[in-house]
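The letters A, B, C, D, E, F, G and H name the chains in turn, as written, and every chain counts its residues from 1.
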């Protein structure tokens, strides 16, 4: 069994990065995730594993540093929160276009604009549909506990290199700031070799070029076709989700991250009242567990998408259940930094699905 | 009748801004839209109307200049192309959060990354779902001709001030670079008064504050609720679209902008072959003409969403037709800078819908 | 100490500016931001320009300064205050426009906007509170953090070999011909406060003459971030900060002082 | 002119670097970018470091320089080359890392990244081609455009009152202690080319000593953007550009020259 | 058994570390625990509070609207959290500086003068341990052994003398509340 | 009648303005017209080309894969566009500098030595007008009056002498192609 | 007369930073003995006569807690 | 012997910018009379004897069109 610790989600991310053999971290302070950079600065990973930690002059610089280290074939991470992630959109599009691996963590706070520093889930669209320009996708992981904050970092690096694609960990101020128990995985040594596509000095091979530019549109279309196929492959192979009381469910909550852990309690409350409510928690937001939801749809009377937002993931739930037009799919969520309680989710659920029936 | 000219789409945008009484333009060069700034620089609008034209040091600076001039109550515009628009995502989120009017033009090129400078429609998600952080929406207009490049600028300013929301004109290198006939609207004088919410010196009233910050989450949720209602109002009142041969259509193409004008020819080709194909062209992408599509859905055997992208708008078409699960909705589009021909759209359509049936 | 005979309107020699709202300042006890905020209000009041002035608030501890001074304000995105100010001044050239920014805001993320607004010679006043740290976010290293100084992101002290030396952005912009008046002040003693107030008065007055940027750096304490008492923080500031950021005018009437 | 007796391997005194690929350069006829590109290849070849060097390409006319010199390259986003280089050098400290950037890239959109990489003293070489214009996008005004000079976005000439004067970013970064060698060169005459080559050699060699940034500005023509013949453009450059951007070393061995 | 606790006061009073010790002790006895601070700009010299949940079941939300127990260290905190204690819940506060005492009669209310006691012990920073001691006596969920280990864990090795001081304070807190309880 | 035209050569040969004059003339006679340049970095000293559509119907895509007419001013352009002319279409090229002549026999091919003629006329920049004249004679869609107005419009007032030169070149082009046609 | 000036303290605005105490040339300011205001801060009071109304304390006070009066020379 | 050096021109690489002509101290380079290369550019040739193989032309040529040979002093 790994080392047990009581840790903040943010700290777990930082410690996991060191343990996952991350080569470099570049970041810029922003609440509610500054503990990640602070933990890394204090942990002195340069001594522990040789990992580089550098505070950049901005998020813009940070994501382009990530681009650089990734282009050199290294395991690299950055973290920020909503406004800072918006500043990275050009860089993320470049990484996707140049097919570079890398881990980006968004500890979401309430937007739009400067908004509030309280937790939110309103960056779902940006994360899953591509906030930057062009046809690209990030692989998006949504941890729901401090444990997963740690585990997903390792998973994210693996997936990033498997697909040569940036992986986004979409979490929020609630999970970032809370402490709970975490079992840390054993450290993985930093890689001593560099991938053969990396721009790291061309010793013994033709020169490598990392770029997302193709002046010729047909060339560029070919590249885009390759990306399209890659995203399809992710959809085929990388869907991850968890179900809870779904076998006999008449109703389903779909919720990720913080909303999922809160909704789990709602399920208990509902079951106590004799309502057969289940929970499906997407762990990957892209690829989205559409098929799993569709499989359940036949048995369901209704689905509630619970998100701390105006309702974004609900569109993916609607798309997933297109074959069931009679199935009501609704959204409930507090937003703008307010976190819903299990009880109010239940109330909303009853109002939407039970009282009206 | 207004003045008739042969103009590039980009030039039409610039000339229309001057005529619409725009107070200020801030921008940064990028292909394929640099003609807008160049036209404005040459037209000397400072003399013509007093309009300010300033080349910013970056798109980041430009969007924040737009934010500033808008906060001061002025009619302001910026233009860019895909990578530059990605850099503006934080600023756009701030504008939406602070409820500022302003016109942003994206002359899209192929992405992701540096991509290519050839035309594309792959920034649909970014534009319509919010590429920046937080729950917000831009009102998105999609001109399909040089004439509309001119007309939409005026419309965009009107809508921006009506809703105190940024309006995005989503066009592409094809329409930006092409010349065709345009009838210019008569110049509107620049406004002499400033809106009462503007931060422009508090003469005779309590002081105004333009901000998107609410430290208290409940305050911020209230603000978000207001935004949500505003977006719902737009969905109610501002949907715009055009239909072409839809009355008796068995099949429908949904396409906007450049793809729509190309698809119009496809409709003719199909009709010539006895296929009852129609075209619905969304003019507003947000709000999306979902109801109009749903109304047609009952009579249709299939819908083809034609976009120069991997398939983005097709999700909105699928959502619009949820009540018709048997209705096949497919996407066709060249991408990465390649523009489809009317003929290849027809071929794709026949392959997808006719041969298989 | 009963002194009711003194407390009469005609004996009043100092009270806070009428432009200050009732809202208590959000700054930590003893923070220089409070003094700077009040001085700005006093200067605007004295110049009688409260209806013609637009302040651009930063993201930093002064983010809610708009709640404290009753003038029109625009809250800028982190680092972009000078871009916002550029636009406001260009569209409203007869107004007074100023930014209020911290060192992270102005000299890290906002470097490009700062330098280019100064290079263009925008007719604005830039008020720059340099406390050598990111106060608002909890005391991280700023570009202006001193060598060896400990912050939450350089807990073993800033290592100039890894993170570079503290940057003197004020000297960098002073060489640009777009800046007309550049000075470095402080607010830790009554004398310093009086000087800073004069500098602020001058800076605002200069906007009428359209001569370019007036730039007031104020070296200030962040006692919370530095983890010192306010009094100790000011002492440390005098000892350490002023060595790297010496007070005084840098450029006057468009001319560099040597 | 038949000279077959001279054309023998043993008589060869100059041919283009073997590191240059067969791909014809995409630059306009007579553009200084071509000479700079070739010089970089020559210097890398001479130093024998082709397997240990990573170039960071800009967005600008040199965007496809990676097709011309057969070394490992990374194409950066517009303006971000020094941020990319920072990371590459930090994760691969034993490699040679350099950026190749234009004036729009380095001194407009990339200002913050340029200044902070220089301030941190990254051990990289920055090669900065200053042609006073945005060449690639069709000749728009750059921050370095001369006063009165006409470009497509200042068709009546740059008005310094509205757009600011040309910025001398090289002097600005030279005062930072993170830069060790800063020089301004050109490539319009054989003598200038030889000097530039020496400067480049020195810049790359310095990377071994870990002393910080070596920064080579090369004042160059953009005859297309300037709308002149190449020969006229070089003449105009000598007359006008060198006045504002005088050639020569600015900082050597970490010391400013006066 | 479960306890959903808010600890609230000013920054510098040791609110966060008190919570962390409780969560750590809970974790050692195989409870599900969570610790969730209020975070943000209000930290600056202002209020500080943390929600600690000690539970037999997995914790859903670490942010709560209502609490079983409130441990209150300032007037502001009292004003804010008194109404949020669940009916039948417990409110423990330090009487120092409290000018408006709690009014509810549907909850258990206890107060001790911990600040004064810490001053008397000449160990101002063990103030929070006095409050913790009082809590432990009121709600005996956490085993003292585990609390002791948690405190040890939270003090850097080189400050070991502080450990003794802290334990003494903990003990004082328990005693003080006993006196109150005996009334 | 409709003509879908590609005009291709080097930057500086007046390719874009020739296209613009054609589109403008078409617009004046109430045709639907579009003018679409290739744009981008290859403009730098390299190739330049423009697609002009003159049509009785609204123009769908201004970008085409195939053309009715190709007006070709360089070898590179000839190599690229010869295969893209529709069967039965027209290819008009300037013979100057052409070392590999067109090979297709399913299209009409014409060539004139416009560059030499322009040199002879001592009016190098009217080169494109010679080609335009030849086109107008080959495909009589556009009325000369309208072309004349379009040329006038495209020349700044202060350069009015250039107008005469241009008209002369236009005329020369028509004559030259007539000579070819008479063969 | 000894008292030439005096200070009015808005107690609940004071944050107890002590900067005014440090700045007073007459040393007539100090914290009110171990008392705190509504926000829990120690706060400042005039502890003895001798205030000259010089305003030093007021202008270094970040929170402008202090209002100063000075008797006009008759 | 008069010819000490010579130049080999890769004609199709030349862009006709003329910088080498300008740079040659011997004035032995010029454009080939009204001819163009495959890309339509005028190109440079050695027009007379006198090349010293100084390499000036080669190193100012942005496209490195020219290869230079110089006879070794015997």
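The rule is short, and it goes like this: a contact is a pair of C-beta atoms (placed from the backbone, for glycine too) under 8 Å apart; a residue touches a chain by one contact, two chains touch by 3 or more.
Model, not experiment: these values are computed from the prediction.
Most remote from chain A, judged by the distance between CA-atom centroids, is H. Across the structure, the highest number of inter-chain C-beta contacts is found for A-B. Relative to chain B, the chain whose mean Cα position lies farthest away is G. One inter-chain figure worth recording: chain F and chain G are separated by 87 Å, centre to centre, where each centre is the mean of the chain's CA atoms. Centres computed as Cα averages put chain A at a distance of 54 Å from chain G. Computed centre separation for the pair chain D/chain F is 40 angstrom, with centres defined by C-alpha atoms.
One inter-chain figure worth recording: chain B and chain G are separated by 60 Å, centre to centre, where each centre is the mean of the chain's CA atoms. Residue positions of chain G touching 2 or more other chains, listed in rising order: 15.
Residue positions of chain D touching 2 or more other chains, listed in rising order: 27-29, 63, 75, 77, 108-109, 111-112, 116, 138, 143, 162-163.
Among the residues of chain F, those touching two or more other chains are numbered 40-41, 45. Across the complex, chain F is touched by residues 4, 6, 31-32, 117-119, 173-174, 177-181, 258, 261-265, 339, 341-342 of chain B. Those residues of chain B that touch chain C in the complex are listed here as 23-24, 26, 52, 54, 56-58, 60-62, 64-69, 71-72, 74, 76, 90-91, 94, 98, 199-204, 206-213, 215.
Of all residues in chain C, only 50-54, 56-57, 63-64, 66-67, 70-77, 80, 83-88, 90-92, 95, 112-113, 116 touch chain B in the complex they form. Listed in rising order, the residues of chain B touching chain D in the complex are 28-31, 34, 37-38, 41-42, 44, 54-55, 57-60, 83, 113-114.
In the complex of the two chains, the chain H residues touching chain F come out as 15, 36, 38-40.
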